[in-house]
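By written order: A, B, C and D. Residues from 1 in each chain.
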Amino acid sequence: MHNEIEEKFHDECGVFGIYLNNLDDGFDAAKTTFFGIYALQHRGQESAGIAVADGHKIELHKGLGLTTDALNMKRLNALKGNIAIGHVRYSTTGFPALIDAQPMLFHYRQGMMSIACNGNLTNSVELNKKLSAEGAVFQTTTDAELMANVLSRNSQVSMEEALVKCLPEMKGAFAAVILTEDCLLGFRDPMGIRPLCIGELRGNYILASESASLNTLGAKFIRDVKPGEVIIVDKDGYRARQALESTQHAHCIFEYIYFARPDSTIDGTNVYMARKELGRQLAREHQIDADLVISVPDSGTPSAMGFAEQARLPFEEGLMKNRYVGRTFIIPSQALRELGVRLKLNPIKEIVQGKRIVMVDDSIVRGTTSKQIVQMLREAGATEVHMAVASPPTKYPCYYGIDTSRREELIANTMSENEIANFIGVDSLQYITKEGMLKCMNSDERNFCTACFSGQYPIEPESIE
Amino acid sequence: MHNEIEEKFHDECGVFGIYLNNLDDGFDAAKTTFFGIYALQHRGQESAGIAVADGHKIELHKGLGLTTDALNMKRLNALKGNIAIGHVRYSTTGFPALIDAQPMLFHYRQGMMSIACNGNLTNSVELNKKLSAEGAVFQTTTDAELMANVLSRNSQVSMEEALVKCLPEMKGAFAAVILTEDCLLGFRDPMGIRPLCIGELRGNYILASESASLNTLGAKFIRDVKPGEVIIVDKDGYRARQALESTQHAHCIFEYIYFARPDSTIDGTNVYMARKELGRQLAREHQIDADLVISVPDSGTPSAMGFAEQARLPFEEGLMKNRYVGRTFIIPSQALRELGVRLKLNPIKEIVQGKRIVMVDDSIVRGTTSKQIVQMLREAGATEVHMAVASPPTKYPCYYGIDTSRREELIANTMSENEIANFIGVDSLQYITKEGMLKCMNSDERNFCTACFSGQYPIEPESIE
Amino acid sequence: MHNEIEEKFHDECGVFGIYLNNLDDGFDAAKTTFFGIYALQHRGQESAGIAVADGHKIELHKGLGLTTDALNMKRLNALKGNIAIGHVRYSTTGFPALIDAQPMLFHYRQGMMSIACNGNLTNSVELNKKLSAEGAVFQTTTDAELMANVLSRNSQVSMEEALVKCLPEMKGAFAAVILTEDCLLGFRDPMGIRPLCIGELRGNYILASESASLNTLGAKFIRDVKPGEVIIVDKDGYRARQALESTQHAHCIFEYIYFARPDSTIDGTNVYMARKELGRQLAREHQIDADLVISVPDSGTPSAMGFAEQARLPFEEGLMKNRYVGRTFIIPSQALRELGVRLKLNPIKEIVQGKRIVMVDDSIVRGTTSKQIVQMLREAGATEVHMAVASPPTKYPCYYGIDTSRREELIANTMSENEIANFIGVDSLQYITKEGMLKCMNSDERNFCTACFSGQYPIEPESIE
Amino acid sequence: MHNEIEEKFHDECGVFGIYLNNLDDGFDAAKTTFFGIYALQHRGQESAGIAVADGHKIELHKGLGLTTDALNMKRLNALKGNIAIGHVRYSTTGFPALIDAQPMLFHYRQGMMSIACNGNLTNSVELNKKLSAEGAVFQTTTDAELMANVLSRNSQVSMEEALVKCLPEMKGAFAAVILTEDCLLGFRDPMGIRPLCIGELRGNYILASESASLNTLGAKFIRDVKPGEVIIVDKDGYRARQALESTQHAHCIFEYIYFARPDSTIDGTNVYMARKELGRQLAREHQIDADLVISVPDSGTPSAMGFAEQARLPFEEGLMKNRYVGRTFIIPSQALRELGVRLKLNPIKEIVQGKRIVMVDDSIVRGTTSKQIVQMLREAGATEVHMAVASPPTKYPCYYGIDTSRREELIANTMSENEIANFIGVDSLQYITKEGMLKCMNSDERNFCTACFSGQYPIEPESIE
């Protein structure tokens, strides 16, 4: 099911939650959540779901595919209630199954709860063993189901207390929302690896993976949820409880490089601005004698513009993207498979012909796409092609909710920079330095997770499968 | 989702399981199971599913609708393995959901298990409370999920031992099959309310709700599973263990009257033969001065033929059935809604005109269909219409897996026989007596559940909702 | 797309038309037509369509599959108007295509017309050549498109006059309905091969392939359309014009044997009564020493009951039919393909065991199904199986709208009766005689088309492909 | 079916054709055509179709929706042959119907032909009348069906001769491809209003609406088809015949402004380069005192970059586009409808805050989207918003195949520039002049159709509906 002509890392999920106090103006929780997760579609395209509570019960609607395919307006209209959570998912397993789609809905001794989670528990094997030994059964291998089991065992009290109590048991990188019959909760892992923020829309509170989701709804950004913090939203507004303190933060730096929308601001840093600064820093680190800067759209564009600005070179849209690519399909024969990247990107001959080009991209994973683009640029008449990459070489797998399952295919893991340049066929290849990259992050907290570049994992992974 | 022009009781499920030792001749477990549940389609039309084990893991494919719509041949072909269970389901809740479809698949401390169940636990509320108090979470309200939780808590040993140990904890009316990675198990409630039998196909053993499912596959009927018995099928063949003995049996008599296929033989009695004998007995109990016997097809036909034989009256197919009716659809306007029964049944004027008719049906639930049929017969020229019913008045709800949720609409619960005759518009109305009905059952065991006629429940229902 | 476990001849279409004068009571033309063709579903399962006129324009909705799958209630609700025609289709070509579905809608010099046709033009090649030479283009190979082209060339006058004028140009076997913006027309081939009748529902007139369609709507049968007659229905009621007289009629006798619903009466003869009489005649012609008569359901049942009555033998439902078979699916492996007939029919052992059986069927086409049934009956313990067929051997293809494309597979064309008996494996095989068959037709008109038995074609076929 | 949050003009179609001589390397005509029209997806999203010829017959597969939804790989694999044409369509009628989808397939006296057309005949009413009077019937209102009827009436000779003979009869703006059993033909209207070009891929010839379609396949651009020219491709290669000469050319200038892909080169002018030059010219014509230039993505981006370059202002991606918008859906309630543009575009506060902004767009149609964007920019902190439009005011409807059906809603038709600026809420509004626009076209031929700006129609429209 993977898009054959896409080879970037994949984020695994986006979460959203809303508690409506004001029901008088046409908003309803299910539909607002629909648009909330629609704005997070880039974080997961394989399933979408919405759970709605009305004070007494929770109802759920989920399906496979993009939000607009997975969810049915007639069914959404039937989901009545003032509190809702939503989820979009990218699955790492070949075949997406409805049962794994989130939110998941559980009956437990206090009633019902629904969970939507972005990220990965790193102690899931250990938790599973402990719970199974007590007789628990599992219908999926999702962390959401593990969390529900942990919480239900501590649910003599309110969900708020259960969550504050259980958070320390859950190791890893996660940002999740929980819905009970009458309450919305959200929480973030102790190092703040995965993002989550709070917003406000006409007096109603919202939780979302990214601030762009708030903007889409016309909501106001309040603040990021703090690492290790639990947010409770009910009829009295929202309140925060610090479930555990961490001495170290480790925001995922790849959110800025590639995952998040450019119009999101995460933990104090706007993504577009960060990408543009990465481009400027790249130009500071590497002088390239060239005529023109182009980007690999769309994710490479802000860095390319930053590079061009710093290098005082013109920037042009030298590679045009087919805006209809994105839906997965299988390319049938070998001859046609070669079309691969051409279906998605097409150089404009009038721009690149006779030019010495700097091509800026956000990252290189396998290198095969870059190789094809470089070949197309040369066929279109480029006299030199230099590649500048706005992140350091990606050498190490991620255990925190990002799909790097094709780890053995990480080109930087098996080749030197020279070998990569040869493989891709560029005249030169430049990566930003790790230090340069970190300098670009305009954040009060200088603590980022850079494990995919450095191999230094802030949390020990449970098992390396 | 209920068929507006169908008003009979509804069975809730059919189950099937097969263990293939001989894999050499084109059979495979998934596809054989497909045809096994296809033959049980009358027991449930709202979802279908198949789980397959290959000695190491279990894979599952299920969907909503009829077997041929719910299951996809391409997906079935991908289900490799030599052991499989299958399920067809009729849900009592308005909206059938995929998550409630069976078989359900569980991970537990010993690996994986899949369960498919026909029937109802009568102590489900009690079991749920007990398990929830220990921290269990539930994603559905199915008995299969409850059973999985009970079994997992006793799974230090083999599934066979766990099942033998846990069966006494499960009260109610049920027949179920369980699949582990390398074993097929089946069991039946202590009173034998719901049916289950064992068959053999070229040295491979099968479990099925009805013997007609065996016949369809060309398999040989071995015997019925005994009440309270656990059957284990593995590479060494099948063996039986009596998990608990019951002093009383209570086979559901409605299986013979309406639910089961006429070509099934359950607990020693062939269904067609039983229905025909019910018709004869009905004629013995009630002499009706008439010219012709007709049936309400299809379920009333054997009884009508028996009645005609005993009463020495001709039998004709006076009501023709549209063979394409059956798929649910919503009839749009009031004027068209009156078409209701006409869409399904049409009298043949040439047969009924000028005749005094006995119309035989298996049962009356709400009476509205009967009323419309009688009116059509009179319009077609019948001079008298007498109705003879091959079961006693159905006055009481069932708590053992049969959908009588429209209990308040049971006409025999609110009207006398005279009032019913008036409502339906017949010249006379005759029900078989309970004693007459029981006399027709050619069974070694004379113990049947007749609660829907008598209100005498063999097992106390937990709560009357 | 052919049902692998069905081997009977196939009719190709059913047509329906209604003109509503009274719009006051919830009826509307589109939905009434929906139920009208629903009752004709047995005449075609591959596509369904409805065209509706409101005095000014015609709108069309059609789709592939059964009526309930092909047509969408929301779309039907949007089809506003008081005149409508409908069609169900069985295609003889492997792959049913939407463009071939009927009704077809045409713009021509006078406005719009929609045509729905059952049957076959036998001079279609000639008509096509003539029209093509004048520059006509065709988007399908349907007779409806040919008819539209013929009519449009004569449309200087009203559709009524054009139709009366053009009918003599159209050779063959057909019954069709035409819709203009404000008029409903129907016509039947000059020999009356394909059926069409007129009905009345609360002052509104209806045209339909079979009277059972009228009954389903609660409409009154008025009369059959005469061979060569044109019926015009408009705001003034209906009127008839005899477009051409034929000295010979040739009603398709297979409508009585197999195609039509038993509850239809066609050209004066009720189908059920005809089938029953065929059974009686069969028993008169052939004494068989046996214990029991059974039928191959459903089409063989009335004849089997007639046979039993005449032969004074008991009749039983010895073969049970799975009521859910009918939807086409591909049976995957050889071992499972053998299940074929078992999926559809299952003998009841308790009935057939130890018995000498007469099995009555309406016809034999390829003989492979009969062979499998006989084998199943013997496995179930029948000591003798005699087969009695309520039609003569089918040796010749039909060119009048019936699918006998598997002509080379007509067993009676390549084997003697003895050889067929051997092939099928019966102890004896008896066909009704052609003379006996004709004697059973209770019709004022004694002229039937029996070409599939005799090879005597009432109209010369254009080309034998 | 219109996308509620899109208000630009819509092109109506893209066409493609290929004749494969070399079948040895994995290419096949159907699949190559699939990718050919995939690259033209922006020209039509409501249906897609492919017709394939193998020297003897033509087969067709078409469907509704985007190319990947409308066409089925299994069906495409079954389309064997070495010649193919394809089509993508945007319909101007509310409800897209399969019968109107192209290519259309016709049987005529010489065999089969399939036609795919982009554009509009301006004498379709006249042609329809003439053909109808001769008895022609039409199943659609497409120009392709009209063309087939015109050609079939002249088809005593080859399709090549028929086309050369008939082209003068067809008035209007069109570029079409025709497929016969063994030949591919293409032609373009006498003024060259709609685009069509010729390419070559490993010795095989291609016709396509835009050169970007050639690039996607790795094919070489040969030349544009000349106005009034007929191209014939067969086993001997391609040849051209000038069917009629026109003294005036009238290339649609809106192809450069908005319709075509930036990476296409049409009639000698690259679209990206033209757009960039339009931006520069706009800046030359209007000095605006501002801090920053942004674009309304994606179509406005090249002009915005050109403006920024000329005006020596920084360019930023101040409005971020949700890449998943594009699939049509109905926004349910009033409160949510206001989200409209927000779902698609989101300002980056960090970029626009405190800035005086020039926002460049390619055109303004109704102005409602611009109004919402301006409001969002002000909410995000922009201190001034000036709008610069890279085309003159669009005041007149198009009769040449472009959807301007919402003519009464053309804001420039009902308001002065000042009023528009007030309505949109900008501090100033600047349009490029018509003369300035024409100066930017780097074309040998200076003759463009600018009717939507000037009302001067190069061909008299037949009727203004």
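We adopt the following convention: a contact is a pair of C-beta atoms (placed from the backbone, for glycine too) under 8 Å apart; a residue touches a chain by one contact, two chains touch by 3 or more.
Everything numeric in this text was worked out from a predicted model, so none of it was measured.
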{"item": "Subunit A to subunit C, fewest steps along touching chains", "value": "2"}
{"item": "Separation of mean Cα positions, subunit D and subunit C [Å, integer]", "value": "49"}
{"item": "Distance from the mean Cα position of subunit D to that of subunit B, given in whole angstrom", "value": "60"}
{"item": "Centroid spacing, where centroids are CA-atom means, of subunit A and subunit D in whole angstrom", "value": "35"}
{"item": "Subunit D: positions in contact with at least two other chains", "value": "none"}
{"item": "Pairwise chain contacts under the document criterion", "value": "A-B, A-D, B-C, C-D"}
{"item": "Of all residues in subunit D, those that touch subunit C in their complex", "value": "98-99, 104-109, 128-129, 132-139, 141, 145, 148-149, 152-155"}
{"item": "Residues of subunit B defined as touching subunit C within the complex", "value": "25-28, 31-32, 35, 38-39, 41-42, 45, 66-69, 73, 76-77, 212, 215-218, 261-263, 265, 270, 272-273, 298, 301-302, 305, 309, 314-317, 320, 322-324, 326-327, 329-330, 332-336, 338-339, 342-343, 346-351"}
